[in-house]
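Each of the next two complexes has chain A plus one other chain: chain B in the first, chain C in the second.
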Partner chain A sequence: MELRKDYFADVRKDGLNEIGQPRPRLDSPGHVTGKTAYFADRNFPGMLHLKMVRSPHHHARIRSIDTAEAEKHPGVVKVLTARDVPHNVYTILILIQIGPEDETVLADGKVRWKGEAVVAVLAETERAAQEAATKVKVDYEVLPAVFDMEEALKPGAPLVNEYHGQNYYLYDSGECRKVRFGDVEAGFAQADHILEQTYQSSPIEHAPTETTGCVVAPEGNDRFTCYTNTQAMFFTLDNTSIILQMPGSKLHFVGGTVGGGFGGKVDVIVEPIAILGAKLTGRPVCFIYSREEEMQISSPRAAEKVVIKDGVMKDGRIVARKVTGYTDAGAYSRHSPYGAQKGAAHYPGPYTIPNVWIDTYCVYTNRTPSSAMRGFGVTIGDFALEVQMDKLARLIGMDPLEFRFINAYRDGDMKAHRQPTEGAALIECMQEASRAANWPVAEKYMAMSSYRKGA
Partner chain B sequence: MAKVPVQFTLNGSEKAEFIESGTTLLHALRDKIGDMSPKGACHQGTCGACSVIIDGELRLSCLTLAETCNGAAIRTTAGLAEGGVLHPLQRAFLDAFATQCGFCTPGMIMAAKVLLDRTPNPSREAVVEALSGNICRCTGYEPIIQAVLTAARANSQNAA
Partner chain C sequence: MAIRRGRGVAAINYPTGMNLGGDPTQALVHSTPTGNFMVTLSSVDLGQGMKQIMAQICAETIGVPTDRVVVDTADTDTGPHCMGTFASRGTHRAGNAVIQAAKEARQVMLEVAAEELEVNASDLETDGKGNIQVKGAPQKSISIFDVALSAHFKRGRSISGRGMFLIPRSYPEKETGAMKPSTCYAHACTVAEVEVDDETGEVTVLTVKNVFEIGRALNPKMVEQQLVGGSWMGISHALYETTEPYYPNRDHGGTDFNQYLMPGPGDLAQTEIIVLERPSADGPFGAKGPGEMCANPQIPAIANAVFDAVGVRIDTLPITPERILRALKAQAAG
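Right, the complex of A and B next:
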């Protein structure tokens, strides 16, 4: 691979000497010898195993929970329900003031998705915990469920989450996150062509090789050491502190070694209940998702629907873009209000468009709560808008790469969400892509720069 | 529950344990004996993370009952380095940047070892086939294949 150090050489202080040079990974010696300690490699005498009783229904009221038979099962040490959790209703983004608290650690009165945690069983062996979990009796009154975002937004749709009061996240801007820039209708009026397309995606599971989990050990100093594969150590520690109403000084989290995450291990799901189990029993506790739980229970990437309407001129300029984006949060917020908001800023793409109108909705349905995954909020958007770019180029009979040069953002351009563009490198990337892929473009594009001379 | 005695060698050392009948070899190795190098990932024989070598054969320890291993010679990645010197496969995985999260690595190395023990100088296709039961969700397959081929070359140079 050829390294082109001449790009941006005048604004760069380093010599890029590390790029292209092999450097050993610091964690690799542990990996190849089997010595790397993942959370499940911690084993403590007397460790209990936690298994979760989960909702078999997408949406139901809980009339009653009877744990008597489960508690009598041989090997069972403790059975936990909602009333054992000090602060049972939480939301992870409350740490950055994004509320309301809308999710239960253990279901209280209602379940809102199939697989929701209802009762936690702690037993001497994994098998005893599993067997006892089947003996917990939960009496459900099944409620109508909604699985489609547009259905969920219609009047009269079943209300998924009472903590929100409606099936969408209420931003300070209203029912959706809004970006308004220029005059989009005037832009459409002047456009030579208008193209409106709808793009949709399904939820995507991260499927890490190591499933989600943690091992908790109560210490002699009244602290709890939690070995976890969370990707969000301090989010998890602080939310656990809130849920358990326990000062952070009592919590010692050990992690950073993750057997594959891809964003799937940023929610705060296993740690609070495992630490609570360790606190109430005085014993070490292990809570590891089975492969089935990893696939069915852990948050996937959100399903998304993106409607893009563009106005384009024959000369290649995009003069107006209107986007309506829908993010399927599932039954609870987790990171989705943030993901949908990110999408709002992102939908113009790396292009400068003078007239932009964007609405992005974070919608609640009775599906598995979605959350982070590799560029969540923008990855599906990128798929949609780059397919749209190809379609627009075809519509006006222009080379798709040249079409992108014409619209590429450059330093100094104002983005639709009012951030001035700095450090743009799209043009230079496309110039190199043109050479590397042997996809020639007109010389005037090869002479362009992300700098605006004299700006 | 009644316990069953099992006795085998693990990386050359004698091991004896009383286990519950039905205990998997994976569980016995990790939770009884303390060799954490085989990883539990799918527990249904589809991912290869728990791979070990039993009497020279590549086996999935999550699907092998410990009580069937009486008298067996079991090898794991934890026992591969000798006297602190890495095995050529371990060295090659290090040098080729063939680990990412590392969770599949011990299983990959076991599968590769069985291949090289039998076929010291395999084709690329043979390496791909030999690793086909091991999932790397970080999808770092190409460096892993290169590492195995590099280790094979190191083997044949040493032999020459």
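Right, the complex of A and C next:
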């Protein structure tokens, strides 16, 4: 790595004692010698293991659940169904007033994705819990499922989630989050070229070294200590308090040393049901995702679809950009309404464009619920924007890097969401990339600056 | 049939912190009797090194070496609220809270030292090595060890401070989308060089040259680990990963690291990292959040490089050999 201190030296105070120093991490010797304690290193006498019975169908009505055989299985201590969960229908963003509650801790009457949790089995050993889980009989009536966002938005599509009533998230702005800036149609009318293209992506897995999980110990004082690898301690505690209808003062969460998150550990999934199990049995409980659950059950990054229509002039100026973004939330909201609206704030990218129209949709399908992941709401948008930029440059016969200089935002430029640009540094990054990659651009671009006089 | 070479570029920005703000974090700082400093948080270290960075921020602010700071985090019985470690917010939000708490503790520390030295607190400075001295007269000094002992056992002062950082929440205007999503943005530009085998569709990423502007590299070695890891993750996202390789058929998703495709060490490109620092107005020592954005620009840069190499556009991720071959076939068919 090379620190290029010559850029922005006029606005930076160097020479501090501790900041800017490459101090060795105090925790790395523990990590590399195996001495660091993670949540799963906690082991309590009498600890029970929790395993989930999961839906084999993408969309089905549950006619009946029969747990009698499972309860008789040797080693089984408790079997939990929806009626055991005090506040079974929840949504995690309710804490920042983004409802409605739309997801069940344990399925109640219906499953909406393949892999959905239906019944929780608590047993003396992991093996007993796993074996007993296979003995739970669930009678399903399979329903038509929808996996494609376009199909889901068509009239007559199967309704994925009754708590929403339609297959998209309803914002206060309507069926999508909107940004309107300038007059996009006038921009297209004035453009020398129009280019409309569609970009898509597949769900991907966070692939942390440590799978999602927690270990819960009931304490002598009627409290529960939950050792967890959540990325957000109080967010998880407060949601658990709502789901279990248990005062937050009864809950003690301990965490903070996590084997990789990447956004995959901000859903509140394992803690509430494990604490409920500990409460109802009086025993410590561990619930740790297998690698298969981590890869196929925990929320992936959403599948996305982005349609970009641009109007561009022969001289390289983009004069209009219209973006329609679709985020596939899967069957439940989790963090997706937030992610889709983050996309609306991100477009049209780090470029100054006078006419912009943005619609971002959060769509429900019967796919695995997606949620936060590194680059949430932005990564796929950047893929679409930057491939589109390459296409536009080639369309007008311009060097792709020079084309970006022409449109790059600079201090003081008004963004589509009506904030003036501050602290821009795109131009300097491109200048340095031009040098480092031996990708020469015209001298006038190397002389540009993100600073603007008076800005 | 041939191996064809191409290069592509991408430039991006990325917001620091939760979209639209409204995501507070608090910190507490106190001194032990012998002048070590405890930072108490409920923020989560995901492996990126948050504890180390908070220790360095506290140490710089108090004016002691980093090894005199201990970070106690992620225990809800002791640590004050933090929204969580996500949205590239940890360093920015918690760092600001730690600075505020450490400043308050430092002020008490200087006041106690002033009483011991019989001078005004405003005339004192720290030497960064564990002592407090009179500005311009460093021979008149007292160790922080002695100051802390005095505060505890003689003067009855608590060398401690509270910190809170909150960007007030912005609510988007319904019709126009006018809003304030973030207060600072990190930037990047990546150039990727690839080879594409037009017979097999296989892509080899030769080099990835990344320029990242991150406000301030608080610990350059830790910045490097995060940026290099992110760059590799970008390659993986571009070329390999999907939980549904046969979508719309949703069977046969990978269930372990053998089946879920990710690059191994032999698949990783020669990676170059260059860091620029334009301090943000509201970041701790100017820092922005580089955690997420560092994995983004490689994806379109590689997609553009594939086009540069073989002249086909793959607009659906991941860019698999199958998709490339189908596109080449369609291109040949005219």
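Criterion: the second predicted complex is superposed on the first by the 440 of 455 C-alpha atoms of A that agree within 3 Å, B and C clash if a C-alpha of one lies under 4 Å from a C-alpha of the other, contacts with A are read in each partner's own complex, and residues count from 1 in each chain.
Methods note: a residue touches a chain if its C-beta (ideal position, glycine included) is under 8 Å from a C-beta of that chain, and two chains touch if they have at least 3 such contacts.
Given the structure is predicted, the values throughout are model-derived calculations rather than measurements.
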Pick one for A:Tyr38: touches chain B only (first), chain C only (second), both, or neither.
first
Partner chain in contact with A:Pro350 - chain B first, chain C second, else both or neither:
second
Which partner chains sit in contact with A:Thr211 here, chain B, chain C, both or neither? Use first/second/both/neither.
first
Under the stated touch criterion, which partner chain does A:Ile380 make contact with: chain B (first), chain C (second), both, or neither?
second
Have a look at where A:Pro420 lands relative to chain B and chain C in the superposition and call it first, second, both or neither.
neither
Which partner does A:Pro247 reach: the first (chain B), the second (chain C), both, or neither?
neither
Would you sort A:Pro155 into first (chain B), second (chain C), both or neither based on which partner it touches?
neither
Figure out whether A:Gly30 sits in contact with chain B (first) or chain C (second), or with both, or with neither.
first
Of chain B and chain C, which one contacts the greater number of residues in chain A?
C
Using the superposition on chain A described above, determine whether A:Met295 touches chain B (first), chain C (second), both, or neither.
second
Please report the chain A residues shared by its interface with chain B and its interface with chain C.
22, 24-25, 27, 31, 207, 258-262, 291
Chain A touches which residues of chain C in the complex?
7-15, 19-20, 22, 42-47, 49, 51-52, 55-57, 59-60, 63, 65-67, 73-77, 79, 81-87, 128, 172, 174-182, 184-185, 187-191, 209, 211-213, 215-224, 227-228, 230, 233, 237, 241-245, 247-248, 250, 253-257, 260, 262, 272-281, 285-286, 291-293, 295-297, 299-301, 303-304, 307, 313, 315-318
In the complex formed with chain A, which residues of chain B make contact?
30-31, 34-44, 47, 49, 76-78, 80-81, 86, 89-90, 93-95, 97, 99, 101-106, 109, 135-138
Please give the residue numbers of chain A that touch chain B in the complex, ascending.
22, 24-25, 27-38, 40-41, 43, 207-211, 258-262, 290-291
Residue numbers on chain A that touch chain C, as the complex places them:
1-5, 7-8, 11-12, 16-27, 31, 58, 96, 114, 147-148, 172-174, 177-181, 197-205, 207, 230-235, 237, 251-263, 265-266, 291-292, 295-296, 300, 303, 338, 341-342, 344-346, 349-350, 358, 367-368, 372, 374-380, 382-387, 389-391, 400-401, 404, 408-409, 416-419, 422-426, 428-430, 432-433, 436-437, 439, 450
